[in-house]
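Pasting the structures here.
Next, two complexes with chain A in common: one pairs it with chain B, the other with chain C.
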Partner chain A sequence: MHILKIITKNALRHKLRTFLTILGVAIAILAFGLLRTVISAWYAGVEASSASRLVTRNSISLIFPLPLSYKDKIRQIDGVKLVSFGNWFGGIYIDEKNFFANYAVEPKGYLTLYPEIIIPEDQKKAFLQDRKGAVAGRILIEKYRWKIGDIITLKGTIFPGEWDFVLRGIYTGRDKTVDESAFFFQWDYINETMKKTTPLRADQVGWYMIGITNPNLAADVAVRIDKTFKNSLAETLTETEKAFQLGFISMTEAIVIAIKLVSFVVIFIIMVVVANTMAMTARERIGEYAVFKTLGFGGWHIARLIFGESLLISLIGCILGIVLTFPAADIFSSSLRTYFPVFNVATKTIYMDIGASVLVGSVAAVFPTWRAIKIRIADGLRRIG
Partner chain B sequence: MGNKTFIVEIKNLFKSYRRGNQILPVLKDINLDIDEGEFLALMGPSGSGKTTLLNLIAGIDRADSGTIIVGGIEITSLSETELAGWRAYNVGFIFQFYNLIPVLTAYENVELPLLLTNLSKKERREHVEIALRLVNLEDRMDHYPGQLSGGQQQRVAIARAIITDPTILVADEPTGDLDRDSAVEILGLMERLVHELGKTIIMVTHDPRAAKKAHIIMHLDKGVLNAHPQNHY
Partner chain C sequence: MKIPLLYSLRNLWTRRLTTVLTASGMALVVFVFAAILMLAEGLRKTLIKTGSYDNVVVIRKAAVSEVQSGVDRMQASIVETQPEVALGSEGQRLLSKELVVLITLPRRGSDKPANVVIRGIGGSSLKLRPQIKLIEGRMPRSGSSEIIAGQSIAKRFKGGGVGETLRFAMRDWTVVGVFDAGNTGFSSEIWGDVDQLMQAFRRPVYSSVIFKLRDSSEFEAVKLRLEHDPRLTLDALRETKYYEKQSEMMAKFLRILGISLTLIFSIGAIIGAMITMYAAVANRTNEIGTMRALGFQRVSILTSFLMESLFLAFIGGCIGLFFASFLQLFTVSTMNWQTFSELAFSFSLTLEIISIALLFALVMGFIGGVLPAFRAARMNIVDALWKS
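Our next item is the complex of A and B:
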């Protein structure tokens, strides 16, 4: 007979109580896993950002544009390999409920800078040849059931009017970290229209995307770029793509902190629940632990029995919780795909689930173990009968 | 008199309990020697200190002063860990309420003390089967305590007590929870352990019929041991 057999038999002594505790742990791990995945989804842009790309924007704010003429000046700066640019378009598809990211880009440079965006060659060619051409991510295609060649009309908010685009390509991500719910089109299309309707807003770009030769020199290149436009009408702020993405997240940092706190509160609550179960268990069995001690079993053996049972319950709950997290994340993802285009349960989250359950199981066993070890044998034996 | 050695030697033993600010003396200057192969019954009114004395001899409680030597080892000077190890090999316990682990079968309950030894699974099985055969329960080895009668449970407890071939067996009211027939059966078994296997048994009991089975009956009253034991040899 192995100690594990005694642990298993002990755990199954009160089947309903054990089942409910396991269920509680599973639900807590499920909630913890989903909340951590929400946080990961929040940081998806940061995770997907490349160390070899910089973003240059107006130093006052992203909403102020930069002149198109900066492109050539930036290209000439030492350490810069490639320059592209874009504008946030902010168009609405049919009505405001159908939100998705849409922006205008200089297509050739953009697609070179972002190799993680995969478009079939023939579609890419068609897109580059059509000024009104647009590319949409796989998720948008599935959601709106668009087909190649469809005319997609967006109502401009920043750039007034109804804008028709011809769907020329469908992109997929190189890996799971790539957002597949964006819509982009040729910058020239809006620029030429603006030249006709609002010439003062023509030849302006929202941000520059810069490919650099050596990621280790990112800070130096950024300083050189900003120095070039110092004391100009539109001073620049250049940062790594990661810092640029983090800038967006910092605007919603309070929400992220709140979600993080809730995820830890969930674990704390289940820790109290499991601790209560283990305390009840140990109290009921204090006489038996006294018998074990009488027979010569030491504190270490008693600790193994209690810790083993507590960890067994929390780890079974953890496994169940992890198994449930994946379908739950799929449901969550399909319902909130627009807000969380990248919603994947990360391996790190699974490790955190396991870590949390080990912590719960261990902490819950501390007090009952201490009590069982400390009790005098004679006092423990008096509890029997 | 020569230097006769006893299996249990108790000298000037004192034990008291603290209740709030009060100190209640339980055992007062106990001196007792027990021969190997002896069957000793400790009797006395409730609260006289019988179980406390038994617990001290078995190494599950600590004396205030005095010495207890069992099988040549002064157990009063052992640490808690050393005492636990000593108990595992030197003391077999028989309790009033059997104290079997309810989720373990009769076989597993008897095997329990052997988990602390280096015996292989096969060797443990051999030992357990012998012990269960000795108490005539080899056909019930897969039964759980809840599926056995009180007498059968106590027989399992006796098998568990003798499985490590301990130096002494201590029994605290072993027939206290049994009907008359079962009590007779258990006492008969204990007599066999003494006569056939040469075991030393120290038994606490209220039951004069149980005590009569012992070789020697000693009385404790208000923590003082009767100086004139009744000899039943």
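Our next item is the complex of A and C:
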């Protein structure tokens, strides 16, 4: 118990310095936590996706459609339970700044395939019955203050024209990882209009979502689907939804790597700051350490003192930083909602925070400890100030 | 009377370990700060150079990018007949009807897929973009399955080099040339004959029409005419504006990330400097007392300590910039969210960024040093000398 008392007393000898160092650690941990949260937000789509769903798209790239006639062919393939499909709509709500994901889906199959999207039963019914009906996520409703029954107009970028939708439902996510800022509506609405205006583009589907009977056979089913359409005008590429999402992320990998690097840089910066504090502290107390040694305390005892103080400072800073992370993440998430619809501080991030601060505390103490242990008693006592 | 600058410098030298630690903390912050500025600048340069001010891009109304757009042959011909279109040396119209689609290609080495832009070009495409030069091989013959690849495609994607073949749209396409488009977005594109590509992709419509203006000032007139022609549903934009709009989201993201990171990091570095300077003042209480007794003014002491802190920051800033300058060797290639396609751009260091980063370092040094310097200056002579 004595040692804890000495460590605390020692830490409080230079109140201003200790306070500043703690503040520095807290800020660094805050920054680290936020950056880690940005990374996990990047992967949110992967977290939310299921391994038991397949996505089939045109093998050339996502911008090429598949014919609607593939639906029944896919349905017949062994291992396929349910087929639904959708199209990226890419509509603009009033201004380009108001970006949110919007897509057309075949609603019945879609809602069965995605049980994590929860819509109250009566709203669901109203949505299914209205060809112009649309469903929006909770976050969108809050942001734009929409009410059920409102008419929402999107300007089509891929499908030309102004499109009116009637808001029939509001969905919430079953889990925290579900993106609650999407907007979807009936595929038939678009298709029927396209049939009238540009018949060439009618009966085209952006991607198929496929529910399978046995998730363990996902790879086999995917191969079977692709084989079916091999050498056709529209060859397909089928992957699990997870792989599909990961493919997207790998395209922006450079940014993820940069953010990861920066998150380590911040830990390094604070390591330098804490190391500096500990170096100064140890230098000032070198005489005391010599006294300790004279009294018969071993090097190990001195090491405990320095390490203890360093860890105490970095852990207090860490706790402060973690506490601050949550309100900061809230502010961050509201200003970056366009980029990251899902922005939650993960438990893993907090463990990493603690790990980082222990590392900072330990590394910072190494050099001063080495110096304190190495110094000869006579030299230590001779040094003044 | 002033305290010589050498005093501040030698103090830094005496406490080398602390100086190195504090300066390297600052160096890291300056490094990150400069890196983000360089990245934003690189992105800006790439997109600005991609477009020419005198070129006009015509795409379907409300489409944000060429990939989303569609211009049918009839509409494209109407655009072609506009009197504002410049004429080339052989009397041909400097106008190009192009097809722009995305294909997924695997990267060299990692095999990871990325979306790459394929542009179907016509006879005038190259004349409209003087910044593009063929550096290897030859141009594709029209009417054949030949393509040329931008430099960053040739380097980074499987099958992109001269003599190699790429398979897409049920055909094998031979790469017959590599073009250098400098730091522009075209470096990440593949070009081939527009009619062949339209046929292969089964797209009966062009994506965009690009033409050079006869006279730059006629843009407003031609824009008005095209956008009000009842036969057309098209938007006309200056090419520079078009490419600027494409990167808005990425630029904004870099800006938000950059500002928040730098803000948070700089607080850390300022605290580091403050700790160092407070310790410097505390260790030298006797010295300060002696100097005051010798007749140095409070202002001189204040300046001296502030200078020490500024030196520290300057050293940190220089180290940070030194390492940041090596970033210019790297190229970042990532997906542009707005166009869904691969975009490569590099870090770009300008004189402006150097001065901003150094100024930033000095501001950090000033904020970190000003409070400790005040404490030093306010010391009472007797107390300071008496304390040991």
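Keep this in mind: the second predicted complex is superposed on the first by the 382 of 385 C-alpha atoms of A that agree within 3 Å, B and C clash if a C-alpha of one lies under 4 Å from a C-alpha of the other, contacts with A are read in each partner's own complex, and residues count from 1 in each chain.
Just so we're on the same page, a contact is a pair of C-beta atoms (placed from the backbone, for glycine too) under 8 Å apart; a residue touches a chain by one contact, two chains touch by 3 or more.
The structure displayed is predicted, hence computed values, not measured ones.
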| Given the touch rule stated above, what does A:I6 touch, chain B (first), chain C (second), both, or neither? | first
| Touch check for A:S69: first (chain B), second (chain C), both, or neither? | neither
| task | Applying the touch criterion given at the start, work out whether A:N216 contacts chain B, chain C, both or neither, answering first, second, both or neither. | result | neither
| task | Have a look at where A:I158 lands relative to chain B and chain C in the superposition and call it first, second, both or neither. | result | second
| query | Is A:S334 in contact with chain B, with chain C, with both, or with neither (first, second, both, neither)? | reply | neither
| Once the shared chain is lined up, is A:N98 touching chain B (first), chain C (second), both, or neither of them? | neither
| message | Contact-wise, after the overlay, does A:M280 reach chain B, chain C, both or neither (first, second, both, neither)? | response | second
| said: Applying the document's definition of touching, compare chain B and chain C: which contacts more of chain A? | reply: C
| For A:T112, is the partner it touches chain B (first), chain C (second), both, or none of the two (neither)? | neither
| message | If I apply the document's touch criterion, which positions on chain A are contacted by chain B in one structure and by chain C in the other? | response | 385
| message | Going by the contact rule set out above, which residues of chain B touch chain A in the complex? | response | 51-52, 55, 58, 60-61, 81, 84-89, 93, 95-97, 99, 101-104, 108, 111-113, 115-116, 160, 177
| said: Under the definition above, what is the set of chain A residues touching chain C in their complex? | reply: 14, 16-17, 20-21, 23-24, 27-28, 30-31, 34-35, 38, 59-64, 90, 92, 96, 99, 155-158, 160, 200, 231, 233, 235, 237, 247-248, 250-255, 258-259, 262, 265-266, 268-270, 272-273, 275-277, 279-280, 284, 332, 335-336, 338-339, 367, 385
| List of chain C residues in touch with chain A within their complex | 17-18, 21-22, 24-25, 28-29, 31-32, 60-64, 67-68, 101-104, 112-115, 168-170, 201-202, 204, 233, 248-249, 253, 256-257, 260-261, 264-265, 267-269, 271-272, 274-276, 278-279, 282-283, 332-335, 337, 340, 342, 388
| Of all residues in chain A, which touch chain B in the complex? | 1, 3, 5-6, 9-10, 12-13, 287-288, 291-298, 376-378, 381, 384-385
